[in-house]
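Chain nomenclature is as follows: A, B, C and D, assigned in order of appearance, with residue numbering initiated at 1 for each chain independently.
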Amino acid sequence: MATRVAVAGASGYAGGEVLRLLLGHPEVEIGALTAGSNAGQPLGALQPHLLPLADRVLEPTTAEALAGHDAVFLALPHGQSAAVAAELGEETLVIDCGADFRLRDAAAWERFYGSPHAGTWPYGLPELPGARDALRGARRIAVPGCYPTAVSLALAPAYAAGLAEPEAVVVAASGTSGAGRALKPHLLGSEVMGSMSPYGVGGVHRHTPEMVQNLSAVAGEPVTVSFTPTLAPMPRGILATCTARARPGVTAAALRETYEKATAGEPFWRLLPAGRWPSTGAVLGSNAVQLQTALDEDAGRIVVIAAVDNLTKGTAGGAVQSMNLALGLPEELGLSAAGTAP
Amino acid sequence: MATRVAVAGASGYAGGEVLRLLLGHPEVEIGALTAGSNAGQPLGALQPHLLPLADRVLEPTTAEALAGHDAVFLALPHGQSAAVAAELGEETLVIDCGADFRLRDAAAWERFYGSPHAGTWPYGLPELPGARDALRGARRIAVPGCYPTAVSLALAPAYAAGLAEPEAVVVAASGTSGAGRALKPHLLGSEVMGSMSPYGVGGVHRHTPEMVQNLSAVAGEPVTVSFTPTLAPMPRGILATCTARARPGVTAAALRETYEKATAGEPFWRLLPAGRWPSTGAVLGSNAVQLQTALDEDAGRIVVIAAVDNLTKGTAGGAVQSMNLALGLPEELGLSAAGTAP
Amino acid sequence: MATRVAVAGASGYAGGEVLRLLLGHPEVEIGALTAGSNAGQPLGALQPHLLPLADRVLEPTTAEALAGHDAVFLALPHGQSAAVAAELGEETLVIDCGADFRLRDAAAWERFYGSPHAGTWPYGLPELPGARDALRGARRIAVPGCYPTAVSLALAPAYAAGLAEPEAVVVAASGTSGAGRALKPHLLGSEVMGSMSPYGVGGVHRHTPEMVQNLSAVAGEPVTVSFTPTLAPMPRGILATCTARARPGVTAAALRETYEKATAGEPFWRLLPAGRWPSTGAVLGSNAVQLQTALDEDAGRIVVIAAVDNLTKGTAGGAVQSMNLALGLPEELGLSAAGTAP
Amino acid sequence: MATRVAVAGASGYAGGEVLRLLLGHPEVEIGALTAGSNAGQPLGALQPHLLPLADRVLEPTTAEALAGHDAVFLALPHGQSAAVAAELGEETLVIDCGADFRLRDAAAWERFYGSPHAGTWPYGLPELPGARDALRGARRIAVPGCYPTAVSLALAPAYAAGLAEPEAVVVAASGTSGAGRALKPHLLGSEVMGSMSPYGVGGVHRHTPEMVQNLSAVAGEPVTVSFTPTLAPMPRGILATCTARARPGVTAAALRETYEKATAGEPFWRLLPAGRWPSTGAVLGSNAVQLQTALDEDAGRIVVIAAVDNLTKGTAGGAVQSMNLALGLPEELGLSAAGTAP
């Protein structure tokens, strides 16, 4: 019997991507679609690419609308998920695409988000050590942030293997959909096209503590992350350049071997053959994380590049992958490691 | 039992899109992948987005390599399909993504292509009158050109209903993938980004006689098409603006009603609700043709806008749709009317 | 002594482009900069590219602020220019980049703009017959719309020479800056990049009566224009594809010769050598209009392609060119026919 | 009397940008334009944006063609400048936009370029300590690489002031014009648009030793640079994110003050007001370097962001600025700190 799924926040980019994937998921029946200020409108007016759902009318996001589903995806503004989740029964799988339940450290949450900590749910990045087991059968899942997905999967093997000093430096470029659908002047096409710009510089981006949490956990010691996000003239994709000082004696071959072992057998977490580099174009719409490694001997640093689609593996695809694990379905169902290119 | 499918020309954009779709087709097993000068390379070096096939090595395009498949897609340079097809048995379904077998008029072929006419195969645009029946059980299929797909489905209903004078004026913008992977200076990213330019102006583009053929057939009289293609700064998509002088007495309501009837029940050929306009972004990677109509009363013309993905519905998706019909599979199998956006 | 110039509406795209050009104008001293809701802010916060003026603070748009200048550019929302102009003395050159004073036909104005007609000022398209003389010494100038600039200069020679039937069909692609800085969802970078879409289809775009006015004047008979604008994924530029049925006996050579004569000696209105086609990339930031012609003999139509930068020749550059004429300065001063590419 | 200037390599992107700037330079008369394989073609066929020079025919790059000019810009492939320069008299100002004479360390040159070291010329980055004096009256100038321009001006103040540890980590995004006009598959518009990708990862990019040279000189000790360049979907611009571990006691205020002092009075090297971040869109076509600084206290690193136009300040603009200094002209002549936006 099909799994009946509702999506709260269906008019935004994350909600739209969840729906795009669910449309291709063979075990899912799409139930209620809800929205905030867009409630009452047909989905086709807001997500014109989701043609098969164009006539579905958005309901207000209420417990009544979301009740009676096997799984509910929350793609809501930060701070709204806890209240909605509280009204859904414990037997309902609730998958929060927002940040509310990602951090374990309440102080870090409060410092970066400026509001009380709502709690911590199982973390939907199956590729991290132990995560897959925690997700199997889970009924609450915190979907990782898009940057932490890319950066954690880029650096976790190096830290798990003790190859790098605990001070990572990360610069990542993101497509504009990462900023959501908000009407802000700097997100206008006229401003964005042909231009790269940074934001959240100096350690203040909210995804920073999530990277610190993930990398410190695998390293077994506190890892700092100097993280600079930049906005790139493209709708989708994250290219993360992640570097850290190499521990003494690390070789390029050892580095590569570490990543081969870490990603062996993984359906979506993939080290490219030597000589090929990730690009965001190659992962568009796909659930893959493409990686490549290098050792800069002059500078004494390892460099790991990761490419993901911020909306797919970085949000909705990671969410569906975790849903599959939670529901006991094949992990890859409804997802593809192939992108749409050129 | 799965249909075993080979792709000749797997290193190009059309071949790559065929493979992307076949990867998601539940009844297909992907067999031989062949190429010309790229033979011997792993597919991953040329189509980095097709991660599940990355290690497959391209064979040279020979009859031996292509033998033993239920269906063979040809994505070859113009003029090469006839020889390859001749070596494949009549029981093999051969689907030519090239132009060689599209035109019925040998003189038009020779004028526009400068080579002898190879013949005419059933035309893979199921939405045209009679086409679906001709495709069922076919073993040779000529996939339409990308522009003729958009323009024919934009204007056929008006001509079939006698609403328009037989002199169409069409201006279409295409993404750069329509020009293929050839290394030409004007296709460099530095030249293309931020710039629109025309090409093939003045009735010389090779897709013109194909539009004339299709529209004249449905009109029951010769239709001329003034066709101007333009290159737009995007990788994919065609937006076709199609106009023709309205016959006396045509109203906006009658125009719309004609298109509602023509597209009723069609899985991919879709008239948008009044007030919404097609965009190429909404059909990226999808097999949909999105249409909208208008009547310009001051100028006395009907205007029909069509958006398609040139590589999907405009090439590979149309090809898979036709394959499904030829093999007796559900027409929509492995295809989606949903695009990947934003 | 330098001409002292004020700009009202300095925080928008048109105002910003006026300022960019004035910064390079050797006879101009930049005076007051005013704005509406952005008054009080430094220009650098809104126009970060205008570094030499970054610290200038925007004043509210009032008669006091604009008084005491030799010339005042108005880059205001439609309907606001008349009131501001009325308070400036008749000796002040007032150049309206908005639409208020472009149309001679009050009925057309009211039908397309929905407000009372404010009047008609000398029309700032010097290349049109008689326009240059009317601009010399003028103290009020209506700057043409961006699309009418491209389309009028594309088709005027054909109509002046009687080469074309009076029913033009025009499809134009514009960069997003043509829509201004308004915060509208469809102008977000995520929506615009990688996507082409139409708007104002069916003869309803406000620039249509302006094209009709210009072309009818040169043709000496009423000309209709079927005009379809489209939004292209680029910040700047208009590519206009303009066609009309050729009058009997017109040849490609005669067509070309007509354009050679019309543009001979013009500093910015330029017919390209045969075989080269205009592109918007080649006119970025330039005041040039690049043209090319073709005759489609099968369809019986002339085709003229024009490329302009919508903000430069299409707005601010045309305005500065007209200012130069009005003030008796060399027409090309502060302007360039060279674009910034790639 | 005007300075007579020749450009060797006028058909490439660097040569085209030199010409664009020279067209607006009030003291320059443009003389011979030469090319390699493009010799014999009119410039308009290759640089359609340089309309005022469209009919100028490219000569072969020979000593005869370049003789008799006051200044000669060389925009040639690496390794060709020495031979051409040797044939020009010592009184001729020769400005090499290539790499041949940038490095002082012959071993570094040979390691990164794989050819014998040609020598070292005065380095055309006037903003570096001592450089302006060395350029005044010079007759040979080595124009810096585009990335070293951005990175050196981003980090030099911090190293000069002793604020940072001598291990810089730099990730930079460049527009595609930085790769020149070579016909390479990965530079096709279809591949580039919508995609970010790295290249030259692991310390192998040829601009690395140039950054090391510049930063070590100002630091007074060897500085290592971990440099990762990435290709961004835009034609122009470099956004460089430059970080280094802060020395103990460094504060955000001290960092900012250091940069205020370093850039005070500089015409093109500019620190933005606090709270505003550089973007490449804001420097398009301009000679400005826009900077902003931050201190990441958690990670213990200073972060400096620089935006330049790779073709203007990063190549041709820097070259013209140096030419002005060498010839005793005002340093800013023919250059602007204002960009073309949006």
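As a convention for this text, a residue touches a chain if its C-beta (ideal position, glycine included) is under 8 Å from a C-beta of that chain, and two chains touch if they have at least 3 such contacts.
Keep in mind the model is a prediction, meaning the values are calculated, not measured.
Separation of chain A from chain D in touch steps, taking the shortest path, is 1.
Counted as hops between touching chains, the shortest connection from chain A to chain C is 1.
Taking the mean of the C-alpha atoms as each chain's centre, chain B and chain C sit 37 Å apart. Centre-to-centre, using mean CA coordinates, chain B is 45 Å away from chain D. Across the assembly, chain C contributes residues 13, 175-177, 188, 190-191, 193-194, 233-236, 279, 281-282, 284, 341-342 that each touch 2 or more other chains. If you check the complex, the residues on chain D that touch chain C are 13, 16, 20, 23-24, 42, 44-45, 47-54, 177, 193-194, 235-236, 270, 272-273, 276, 279, 281-286, 288, 290, 336-342. In the complex of the two chains, the chain D residues touching chain B come out as 13, 175-177, 179, 181, 183-185, 187-194, 233-235.
Within the complex, the chain B residues that touch chain C are 167, 169, 171, 173, 175, 188, 190-191, 193-199, 201-203, 208, 224-228, 230, 232-237, 239, 241, 243, 245, 252, 277-282, 284, 292, 294-301, 303, 305, 307, 341-342.
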